[in-house]
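Right, I'll just put the structure down here and ask away after.
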Amino acid sequence: MADDSKPPQEPEGTPPEQKEGVKAPAPTSATSPTPSTGAKPPVVAKPPAVAPKAPPPAQTPWDNELVRRYRERFGDAIMAAMEDRKQAYLVIDSAKLLEIARYSRDEEKFDLFEDFTAVDWPKREKRFDLIAVLYSFAHNMRLRLKIAVGAEEKPASVVEIWPTANWLEREIFDMFGIEFAGHPDMKRILLPDGWQGHPLRKDYDILQQDTAWVRENLGIESGQ
Amino acid sequence: MLDSIVFYFFAGIAVLSAALMVTRRNVMHSAVFLVTTLLSIAGIFLQLRAEFLFVTQIIVYVGGIMVLFIFVIMLVRLDVPLHQMRFRFQRLVALLVAFALGVEVLVILLLARKLPGAGLFVQSTAPVSKLPPNSEELSRTLFSNYLLPFEIASVLLLVAMVGAVVMAKGRKRADES
Amino acid sequence: MSPTTQAVLQFLQAYWVELVCGVVIVAAVPLVAGYAVLVERKLMADMQARLGPMRVGPHGLLQPIADAVKLLIKEDIIPRDADMLIFWFAPVISMVAALTSMGALYFGPAFRVANDINVGILFVVGVSSLGFLGIILGGWASNSHYSILGAVRSTAQLISYETAGGLAMVSALLLAGTFKIRAIVEVQSQNQVWFIFLAPVGFFMYLVASIAETNRAPFDLPEAESELVAGYMTEYSGFRWALYFLGEYANMIVVASVATTLFLGGWLRPFSNVRWLSWLDFSPVLVLVALGVYCLYRAGKQPVKVQSGFMWAVALGCFAVAALFLTPWIFSPLRFALPGLNGAFWFLLKVSAYIYMFMWLRFTLPRYRFDQLMHLGWYILIPLAIVNVFSVGLALLLEMEFGWNRWLALIVTTILTLGVAAYLVHLNDKRGAAASAAVVASDSYAG
Amino acid sequence: MADRVQDDVIRQQQETLLGADELVLNMGPQHPSTHGVLRVKLKLDGERVRGTECVIGYLHRGVEKIAENRTYQQFAPYVDRMDYVAAVSNGLGYCEAVEKLLSVEAPDRAKVIRTILTELQRIASHLLWLGTHALDIGALTPLFYCMREREEILKIFEKYCGARLTTHAFRIGGLQYESYDGFEQDVGRFCNDFERRIQEYVDLLTGNSIWIGRTRNVGVLNAADCIALGATGPILRAAGVKWDLRKAQPYAAYERYQFEIPVGTNGDTYDRYMVRMEEMRQSRLICLQAIENIPAGAIMGKVGKVIKPVPGEVYHSIEAPKGILGYYIVSDGTTQPYRVRIRPPSFVNLQALDKMIRGHLVADVVAVIGTLDIVLGEVDR
């Protein structure tokens, strides 16, 4: 346990105040950040405006040096920069995903690709939101990238930028059916290979399952 | 009488398993029957009061060489190439060799019957307990009368060993490059 | 009386001792092996702060029998693509080899099967090494990757460590000057010293090699459960598996007996030639009485009536056997049995100590990796064994030709051997560091 | 003609002899040292590993789907079943994530008790890791010693909340149960004993040359690879990165306590072993500091019986025993989460297996799987 080993970064030193983006100035009306602004959280959702009791701590625009740098560099590809409960995120264009990812890693030092997942909004024009959580050791700061993709769209894979994305993208494919272009091994990861359907889509009921698969491979009649 | 029972027992097993070894198609089974043959021959050695030879047979042949045989068989699937290795006149040659061997054995047996005591069946008349310990006898002969052949044999083995090492090393280097 | 009956009777008359001893071995070894397992589990439990088997019989004493019954009535599973003939045959080889090699052993000055054959120790070693045929064939016949890997490992291990173990034995054989088991012990008796003190390096190497030969931890790679499930035994179940297990434990007894014979003075009691220590001949009785008294002492502290009753029973049993052991001293016509009884006691005590050593190592040490095992065998043990043979030979030469004091000669040569050993270990460390660095360096594929 | 046939035969023989084909060994899903139902396909050249492929999902229960059909409180017990040997840490992460979503904070007293329990859980998790890891490498005894100590921790859990394994110890907004009488004494006694006990493992393993031989330079993962592959927790620290979420972005009550972040140098299995051992000692120190002064006051924050967060989303991660455990929760304003994503440390760390194992021997596979410290319940969710 040599303590003299030089760690590449010393993130401890940064005060915890600085975390997760910088606070945004004035709150404006909370809107869904995706282009299809009208889309509401579907199914059981009720419109956000109906919860007026307290000043909602929901999404507010977010603006600082970082955002300006991103905007300068990618222009319209940065479709929105928002902050939600002091956590910042950028909404970006799926076409520019690779470039923004590379820039984030190399220039902005978001070197840890902490998580990658998706959310299904069936009623929106572009059905899925991909959520990438980035962490920078150098700045001790987290940033979320939000990428809206349609059902038929094949976003670019970021495996070559962050190898972590390999299994995470496979999981997204498994659960949502979003295929990533350029992924080295695009197949199911948690569910068996022959399974039909993508369970985390909202139209996949919780009681639903691939009864044919169960019958064939487990030799039992599914009880559901 | 006990002696002959033991002898025929071992001899019978040896012949039977030798035949099985030749006729089995499965290489591993052949190996197992070869082990049986060797073991029963070791038994015959013991019956002849050649304890040292008996133990050597077991340690060297059964414990060493056969284990290596089986090792190789296990690692390398020999079945396929062996089928193709069989050349056309195999049967003919085998028959010829067997015939020659049979004639040889016959001649020796006939000769032995004609000339009793002339080198083939030297029967010691001394009782078993009076015989000198044969491991000592063996080593004495080996290191005095047969010293040169013994040394030549050891050098031969050494050469084989060095050769094996060189070949293995050479292959490794070729793999790396 | 027909001639056949007569012949049979003659045969029996001539060989009854051998037959009885043989039957005793065949009958007792499975039981002994079973209880060795129980002892091992109990010892392990004790070292690991738990109780071990407690359910079957008092303190789990009937556990081996329950296990045996379970194994007997268990379903016999043979993999579909297994080679039937060899799959059936292989465990038998293992078992038979181990039991046969016991035939030549002397468990005391009188207890033996084979008459003192003049290559006794070679016979034991050679025949017991046949057990590996069973392992290899069984591993191959199972038609499973784990089994075959286990078999391959065990073969490589056998070849490496037989050599080292054999050479280590040579040092003691040089000192003894004979292969006869009885004579080896008698030489130690005449010299008034066990060979472990004359050839300590040889003993230590034999210890290591014998652990490897019996596939015990830390060399239990052929059956390393965390890597190869159960190695060559993976596909075996029920009684066939039990045969393997018995063979393994019988083999342990064999190597322990060989070590005892060669290095630990066989059935001799410590200081067998010192007259004033003759009271040590009473030690079997003393040990039994002490055990009985301890049981009585513990009986009062047992929480349950059954348990204290059991303790009483054990104590009484101990006293009974002690009384039995005492009869030859009191009743002089039975005095002829005395050396046999005492010899067997000391022999078994040494064998148990040796096996205890095995078990202790197993509970303490992690397992070697296969390449490390091979390195240890080929780069340290075998060269060292060769050097050791030379140095013992040198010592004998110095003594016989130059009239050195035997002890002086042996001390000098032993120090020489130890120097070589230290150098070999040093070399191996350097090589090991270089090798692992090479692995790290060559392992540079981009994530 | 005959020559050509002969040549073919010889070439074929050489191919078989020189091992042109690789052996594919299926390790698991039923294998003693894959710690559950992990299946690793190993491509072997002799005993050397040329490549691996993990087949996972045997324990998949669809936890994230279940979350969408439960209320926030109802879902809390489910997270205990992910990393079932560190259920308390899972619960902490989830509760804090929902609290963030609600923009409430747990009271101080609750935070401190949470910290104590979570650190005890870290020790328990590391103990289980140590025991099984040592068992994989062939040392039988440490497992039982570790279990003995872990038992003490589980007893404290049981006394606190009635459960030992899947504790569901925390509630959204704070705690349901007050610490029982003698809680501090129990924790203190455990911590005082533990000092001596940990020395036993050190005696058994740290200096043992076989142990060093089996772990040193095995499964090396340097800092750059760790970050690229997303491996966090002790694996990252063993590679020399002095980074711990408890320090970098303190949660619960960690900013109040003094502790060190242990780091390694090589990023090999031995370093990871040393890092985890030191982490246990540090956790012990945190517990000792925490029981000194548990603030008085309420244990439940201002959270209603019905939890209806304002629409929006939040990501919260904690330093679980195995690495970063993250929760990404999307609310649509109803009582049920719209989406819960769990970032399991085991799942991401397991990805590094291939990188760590290539070129090593089969025996090292178990050492590396052990050192990754995965729990399949969490990998598969």
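Labels A, B, C and D are assigned to the chains in the order they are written; within every chain, residues are numbered from 1.
In the analysis below, a contact is a pair of C-beta atoms (placed from the backbone, for glycine too) under 8 Å apart; a residue touches a chain by one contact, two chains touch by 3 or more.
Keep in mind that this is a model prediction, so the values were computed, not measured.
Participant: Comparing A-D against B-C, which pair counts more contacting C-beta pairs?
Facilitator: Taking the two pairs in turn, the one with more contacts turns out to be A-D.
Participant: If you average all the Cα positions, which chain's own average lands nearest?
Facilitator: Closest to the centre of all protein C-alpha atoms: chain D.
Participant: Could you put a whole-Å number on the gap between the CA centroids of subunit B and subunit D?
Facilitator: Here subunit B and subunit D have centroids separated by 60 Å.
Participant: Approximately how many whole Å separate the CA-defined centres of subunit B and subunit C?
Facilitator: 31
Participant: Please compute the C-alpha centroid of subunit A, do the same for subunit D, then give the distance between them in whole Å.
Facilitator: Chain centres of subunit A and subunit D, defined by C-alpha means, are spaced 24 Å apart.
Participant: Determine the centre-to-centre distance between subunit A and subunit C, using the mean Cα coordinates as centres, and give it in whole Å.
Facilitator: Centre-to-centre distance between subunit A and subunit C: 63 Å.
Participant: Mark out which residues of subunit C touch at least two other chains, giving numbers and ranges.
Facilitator: 447
Participant: Using the touch definition from the top, which residues of subunit D touch two or more other chains?
Facilitator: In subunit D, residues 228-229 touch at least two other chains, as defined above.
Participant: Going by the contact rule already set, what residues in subunit B reach two or more other chains?
Facilitator: Counting only residues that touch two or more other chains, subunit B contributes none.
Participant: Enumerate the contact residues on subunit C facing subunit B in the complex.
Facilitator: 7, 11, 83, 85-86, 89, 117-119, 122-123, 125-127, 129-130, 132-133, 136-137, 139-141, 148, 151-152, 155, 158-159, 162, 179
Participant: Which residues, counting only subunit D, touch subunit A once they are in their complex?
Facilitator: Result: residues 56-57, 60, 62, 64-66, 68-69, 100-101, 103, 223, 227-230, 232, 240-243, 247-250, 255, 261-265, 271, 274-275, 278, 308, 310-315, 317, 324, 326, 328, 330, 332-334, 336, 338-339, 341, 343, 347-348, 350-351, 380-381 of subunit D touch subunit A.
Participant: Under the definition above, what is the set of subunit A residues touching subunit D in their complex?
Facilitator: Residues of subunit A touching subunit D: 1-3, 5-12, 14, 16, 19-20, 30, 41, 44-46, 48, 50-51, 54, 56-59, 84-85, 87, 111-115, 117, 119-120, 131, 133, 137, 140, 142, 144, 162-164, 166-168, 171, 175, 188-192, 199-200, 204, 206.
Participant: Which residues, counting only subunit C, touch subunit D once they are in their complex?
Facilitator: For subunit C paired with subunit D, touching residues are 44, 47-50, 145-146, 149, 217-218, 220-221, 224-229, 362-372, 432, 436-437, 439-440, 442-443, 445, 447.
Participant: For the complex, give me every residue of subunit D touching subunit C.
Facilitator: 23, 25-26, 31-33, 47, 134-141, 143-145, 148, 204-205, 208, 210-211, 213-214, 216-218, 220, 225, 228-229, 352, 355, 358-366
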